[in-house]
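Dumping the structure here so I can ask a few things about it.
A, B, C and D are the chain letters, set down in written order, and residue numbers restart from 1 in every chain.
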């Protein structure tokens, strides 16, 4: 992941594993959610505040590749970056790694559209466009690389 | 479970297991949810309709005992009964069994309060009181015992 | 979905919704899981039996598009088809629809690899190749279209 | 909670909410899990290591009271204490609070039994008895109260 990105770390919960002994694959999409929430928070956007204004950021597409084993109590690092996708969509990209190892266990992206109070797609809110522009100019955040 | 009750059957999903190889304990509370939704449906109450009227049935307490092993693809039967608990609460009781075996793998109860559009506790809706009365008079449903 | 496929129907649980009022997107991957479990069961393969033999069917990739609103108590139909993907992978494709409406609310695919007891990729078990061949010859199951 | 306890803080995920707009009740049991994992870790026991030795800590009972509203992005604090329950069981007690407010949103307990490699109940491992004794003597950890 060459673009500016943010990283958040936390541990895998027992609940997130399955009887194969590893994280149930769909839970990586939940880790992606934590990644984008924290990316926005560090850039000054609390997603909960966006919803208070009547807007929602609906997921329109998700893709993930499952590349390696990760299980209970492993500490993982989710790296997230953000890009525009046309006029009304946002694209987040993710990498999930086990900390302390170089091993990438999952990567993927999600596409999102902002919906207004009427449930229809709207232009990206200015605050979100600002975050994207700052990240594309090369980071602007101490975790950026 | 001597009272009149309903039964609903379905299979355990892989997602619901954990790396101990069995159903993660908290998922039994989800099975309880399926039990009470179906009990109400069979008695003519669609819980989704209650919410359309601005009421919600909030869980105030839950207790479960985990009594035996149950895992992926096992077909389980959830037996549910309903009782009043004071003027504003409802008590659902549950048993989860693996079908085709006598083995009970979980039992427990949940308490619920109806909240009105203002978020405050309200009397039980008439339709719900009706269900309770019919069940207490001895069933009124083919699955009752 | 023009290929032979299977269909399984069930209702959305309250637990699967989020505060946007709809199914949390990652839960569609759980619905996909139910789709492929039931497709295999109807063709005579109990996936739990495959694991008893020491093999697992690990997910290597998943993609989903979220196309419409679906919420608590909606009955959904998951249509699933299966294809080979090279020598060691299997591809399942899915559509999730709200029953009684033409509306498709999600589609996507998952890729899987069979791992042997040593954790390494293995050729597809003969039983699975048989299922794929029968489906590709035009169905062989009453739900096929 | 007067006994010595540990506290762990984290934020509610969107995935954990339901369409009532709050945390789905069963997810509090997952928060309890995080509480006991961290309590043990801070006292020098990595639960994952216990499993490596072939022992598991199975939940035999859980009870929770849901006392107040908590939703997405709220930071919560889970306070956990541990006690023996007879010769073979352990009791964890929990409180979940929204940080920065005095509001308790959930409390409860879980009972657990240690199972040996043969799947049968065993005496508490010495390391776990040590943790309980130190906590009962008045804490021994900076977060204790």
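Annotations for the structure displayed:
Operating definition for what follows: contacts are C-beta pairs under 8 Å (C-beta built on N, C-alpha and C of every residue); 3 or more make two chains touch, one makes a residue touch a chain.
Values in this document were obtained by computation on a predicted structure and should not be read as measured data.
Centroid analysis (C-alpha atoms only) places D farthest from chain C. Chain pairs B-D and A-B differ in how many C-beta pairs are in contact, and the one with more is B-D.
If each chain is reduced to the centroid of its CA atoms, chain A and chain B end up 35 Å from each other.
Averaged C-alpha coordinates put the centre of chain A at 28 Å from the centre of chain D.
Here the CA centre of chain B is 25 Å from the CA centre of chain D.
Among the residues of chain B, those in touch with two or more other chains are 14-15, 20, 26, 30, 33, 71-72.
Remark: chain D residues 14-15, 17-22, 24, 26, 71-72 touch chain C in the complex.
Residues of chain C touching chain B in their complex: 10-11, 13-15, 30, 33-34, 37, 46-48, 71-73. Within the complex formed with chain C, the residues of chain A that make contact are 19-20, 25-27, 29-30, 33, 56, 58-66.
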